[in-house]
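In the two complexes below, chain A is the common chain; its partner is chain B in one and chain C in the other.
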Partner chain A sequence: MLEGLKINKGAEEAVRDLLRSLLESGRVSGVLALGRTGRGNGGVAYSLFTDPDAFGADGVALPLLPFMPANAGGLLSRLTLKGPLAEPVAVVVKPCELRAFIELVKRNQGSPDNLLLISSTCGGVYPLEVGANDALEERLPGYWEAVKQGELDSDIRPTCRACVHFVPDNADITVALLGEADLDTQCALYLNTEKGAAFIEGLEDLQGTPLLGELEAEPIQRSRDQRAAYREELFAGVEAGLEGLIRTFGRCIGCHACKTVCPICYCSLCYFDSQDCEYRPEVYETELERKGGLRLPPNTIFFQLGRLAHVSVSCVGCGMCTDVCPADIPLSTIFSKVGDSVQALFDYQPGRDVTEEVPLMTFEEEELVQVAT
Partner chain B sequence: MNNKGAILPAEDGVESAVIGWLKEALSKKVFDALLIPVEVPAGDSFAYLLLRNPALLENASPLPPVMPVQGAKAISRLTMRGNGSKRVAAIVRPCEARAAIELTKLEQAHLDNLWLITVDCPGVLPLSDYLEDPVAGAARFAEASQRWDRAPMRPVCQICHHFSMPASDLHIGTLGSAEGTVFVIPGSPKGERVMENLGMPLDAALDDWAARVKEMEEVQRERRRQAHTDLKAGIAGPDGLLDVFSSCINCHNCQRVCPVCYCRQCYFESAALKLPPENYLARAGRKGALRFPPDTLLFHIGRASHMVLSCVSCGTCEDACPMSIPVAQVFSLLADRAQETFGYVAGRSLEDPLPLVAYEMDELHQVEQPYVETYHGLQIADCEQEVQDA
Partner chain C sequence: MEEQEFIPKIVGFLCNWCAYTAADTAGVSRLQMPPSIMVVRVMCSGRVDPLFVLSAFLRGADGVLVAGCWPGQCHYQKGNLHARRRAAMLKSIFETLGLEMTDRFRLSWVSASEAPRFAEVARGFTKEVEQLGPSPIWDEAFL
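Then we have the complex of A and B:
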């Protein structure tokens, strides 16, 4: 099996060529990737492309753009929720999006069948507000310059700067980006699975030389150390205890946008939006009598704790929640911090392996004795 | 609206006068509880508190610099299952009172035991502007509202012409009042009863207040007209709409924070739109690409057609949009046009029936006319001729 391919083109062009020829050759029926929307006035969204021209030099697709308008893990779930794909579709997503999809597959919210999963060694993505201010384009040269040196632009999502899982776990094909000094002229594709190799082999427009060497080189390890250090720093800023919870979530407006964009929060109706939480006036009046005052709408912190309890074991730290929060609450930092503790408790890493069961779905006779006593 | 009101001394400013007055109403048991914005413990925002303990009023603010939650949502949560047994005074912005009235007509709130109390409104700051530095934000708001300068406020507050008394039960008039005083104006028999119980005779003429409100309203109407004309130029037609929503990420947060969008589950998030993969691929195949998740623009058009008749232009949607889309401005334009068509103003009165609920035999002929006249490409007269010939 071919283990990798070195292509004499810049990474952006090579990936576009790969996707175009996959579509043209009929090896895939569609490609899910980022692209410009509308008349190209700054909007970026994921699209399911079937027209190969989208990946031409003037095409609207932007497969490697460091931006995440939605966690594609959730989109892949939407695409395959009602059943597996009958025809192959290639997807180009970030590692955390891939991990989120794996978690969703474990929860029967999607199927990986017939998906060709393409990801990259990720240099992070810019916050949504950079896109909202039409400032994405101007950041790109600086971004890629940093990535070439194995460094991160300081303006990417804080959660990306603190991400230690930026090498994709389950990709069929990995595009090497971080620390690739000759990114503009050379592209290294690592073929991690037989499926990945089969799709590439003999593809006419994609000529290259067999790739020798390891993906896990010095720049990757250096970046992981730097990011781990920043992760500590970021986590240290989370206020602890009940007092900290109240201070942190006091300004929450209860919009539940964090839940809506979270790839792991897949419930079609959240308990906190359900009829169970639409109380009769007497309920509030009893509370009023007891405490002298209460907040409306109710359940502000309860919602956050409930969501933490539900998703922390599978939180992939993508940062969507922080980006959409109208009250600027550093949700991703809090959820990643709690996620780390919970995941360590079960020796579980979300998205690592599709065959690894979600901890709450497995029964172990001897576990959590420290909690039981 | 009453043409007489009472004068409330306000030497220490509007806020403390209103708080003092509310405290008195609580102690005299005119109200059992208040629903009012209170600063959160960290001091970086405000939240609605339902309170009966007057000590909790220490950090309350009848006119906070921001509207993190639309007050009608708080009122709806309290009364959606029916009228409570406690008499609650809700201190809200005029647009929040109007939304509460719409929600009552939509059977999502019950106001029999709730008094809507409003204050002449200078607008609110965009939440994100305020959160950058809450202390500076509060100062900026205080300074601007003093001068009735709406420049730092939400874009829809800058063009709001319903900033004064809606169909509230009691209104605090700060415009046109003598230095160090405000007007208390009852707007309903319910409100008049409160004034009576508080021993506040309605002996103050309101001409000065009404004149100032009218004057400001005219200025605001003109600003609104101008802003809508400019906006329309940019968003007209399918391409214009696509442009304005091109960066939408489909989070539906506009819908979630909208006081009028009360559906527990939006159609666009329902199982009805979760389709088999072949469906998405076929749709992509027809056009070369399908934006994913699909139906971005359709969501906004669907939402608009569902709620613009009750849209109060509060701007909460725009505050909550992570992509800074001018969604409240677009909806205010659509709302004005739609409401005008039916001679309806959202939140003006509990008595005005919702246009889509009221049946009128003779209405909207201007919409049906072109279709009937050119039915199957024939003029009506030709059809009649054909029928006769046959």
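Then we have the complex of A and C:
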């Protein structure tokens, strides 16, 4: 099996060529990737492309754009909810999106069959507000310059700067980006699975030499250490105790946007949106009698703690929640911090392996003996 | 006004097949227990969604007890083992956020024949919660 391919083209061009020739040769029927909407002058969104021209030099597709308008893990789950796609589709996503998809597959919310999963060593993505006001384009040269040196732009999502899982786990093909000094002239594709190799082998328009060398090189290690240090720094800022909880979530307006964008929150009817969770007028009365005052809308802390209980075990730390929060609550930091401790409890890493069961859906006979007293 | 003795309000989720029966027997046998546990009968400790526990705490419970069958004795074979993982997860969340709910939450195994053990769990847990004092959430207007 071919393990990798070195292509004498810049990474952006090589990936576009790869996707275009996959489409042209009929090896895939579609590609899911980022692209410009509205004939090229709208915003950026994930799109399904079937026209190879989208990946031409001035095509609308932007497969490597450091931007996440939605977590593609959730989008892939929607596409494959009823079973594998009928025809093969290539997808270009960030490592955390891939992890989210794997978590959803474990919950019977999607199927990875017939998908060619392409990801990259990720240098982080810009917050939504940067992408929404056309400022993204100006930042790209600086972004790629930093990535070449294995560094991160300081304006990317804080979650990304604190992400230690930026090397994709389950990609069929990994595009080496972070720390690749000659990113503009050369592109290294790592073929991690036989499926990935089979799609690539003999592809006419994609000429390259077999790749030697390891993906896990020094710049990757260095970036992981740096990000781990920043992660600690962010985690230290999470306020503790009931007082801290109230200060942190005191700003929550109860819009549930974090839940809406969270790839792991897949329930079609959320308990927190249901009648069960609604405060009836008589409840207001009893609460008021006791407390002499009541925060409105109520239940915001219940919502956040409840979501932590439901999601933390599978939180992939993509940062969508922080990004959409209109009250600027550092949700992703809190969820990652709690997620780390819950996941450590079960020696679990979300999205690592599709055959691993979600810890709360399984158990060991002999474990956690000290929990029950 | 004379200060009243603090009797904790503990919400007890008791499994129908064991802890609930044990609690019943303990009552019938007139074993000494403080009147602190408000019982919610569930069909299995595995029925207790973490949200039940959170909801109890956020409505001012001073303590939450989940009691089920000993491992290997679940009426539904494995519900209690799921409950154990959930309890571990909840404790981990509370600890990470520095919430004292971790000390106010208890999971215990009590079989149907262990009425004295149930009384002991009730006394012991009540005492622990008494020492922690009333839950600060009880009259917290924000929540």
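Criterion: the second predicted complex is superposed on the first by the 366 of 373 C-alpha atoms of A that agree within 3 Å, B and C clash if a C-alpha of one lies under 4 Å from a C-alpha of the other, contacts with A are read in each partner's own complex, and residues count from 1 in each chain.
Please note the rule applied: contacts are C-beta pairs under 8 Å (C-beta built on N, C-alpha and C of every residue); 3 or more make two chains touch, one makes a residue touch a chain.
Everything quoted here is computed from the prediction, not taken from an experiment.
Taken together in the superposed arrangement on chain A, chain B and chain C fit without clashing. Once the two complexes are laid over each other on the shared chain, residue contacts for A:Ile246 go to chain B and to chain C alike.
Within the superposed three-chain model, A:Ser341 lies in touch with chain C and out of touch with chain B [touch as defined at top]. Judged by the touch definition given at the top, the superposed model places A:Val313 against chain C, while chain B stays out of reach. For chain A, the partner with contacts to more residues, out of chain B and chain C, is B.
Of the two partner chains placed around the shared chain by superposition, chain B and chain C are both touched by A:Gly292. In the overlay built on the shared chain, the residue A:Leu360 is in contact with chain C alone; chain B does not reach it. Of the two partner chains placed by superposition, only chain C is touched by A:Ile301; chain B is not.
Using the contact criterion defined above for the overlaid structures, shared-chain residue A:Phe49 touches chain B, although it does not reach chain C. Residue contacts after overlaying the shared chain place A:Leu368 against chain C, while chain B stays out of touching range. Between chain B and chain C, the smallest C-alpha to C-alpha distance in the superposed model amounts to 8 Å.
Where the contact sets of chain A with chain B and with chain C meet, they give residues 246, 250, 292-295, 298.
Those residues of chain B whose C-beta lies close enough to touch chain A in the complex are 33, 35, 40-42, 44-45, 47-53, 55-56, 68-69, 73-74, 77-86, 127-128, 131, 239, 242-243, 245-253, 256-257, 264-265, 269-271, 274-278, 280-281, 284-285, 288-293, 296, 319-320, 322-325. Interface residues of chain A facing chain B in the complex, by the touch rule stated above, are 29-30, 32, 35, 37-39, 41-51, 53-54, 60, 69-70, 75, 78-87, 89, 128-129, 131-133, 246-248, 250-251, 253-257, 260-261, 268-269, 273-275, 278-282, 284-285, 288-289, 292-298, 300, 323-324, 326-328. Touching chain A in their complex are the following residues of chain C: 50-51, 54-55, 58, 60, 71-72, 78, 81-82, 84-93, 95-100, 106-109, 136-143.
Contacts from chain A toward chain C in the complex involve residues 238, 240-242, 244-246, 250, 271, 290-295, 298, 301-302, 305-306, 308-310, 312-313, 334, 337-338, 341-342, 345-346, 359-360, 363-365, 367-368, 371-373.
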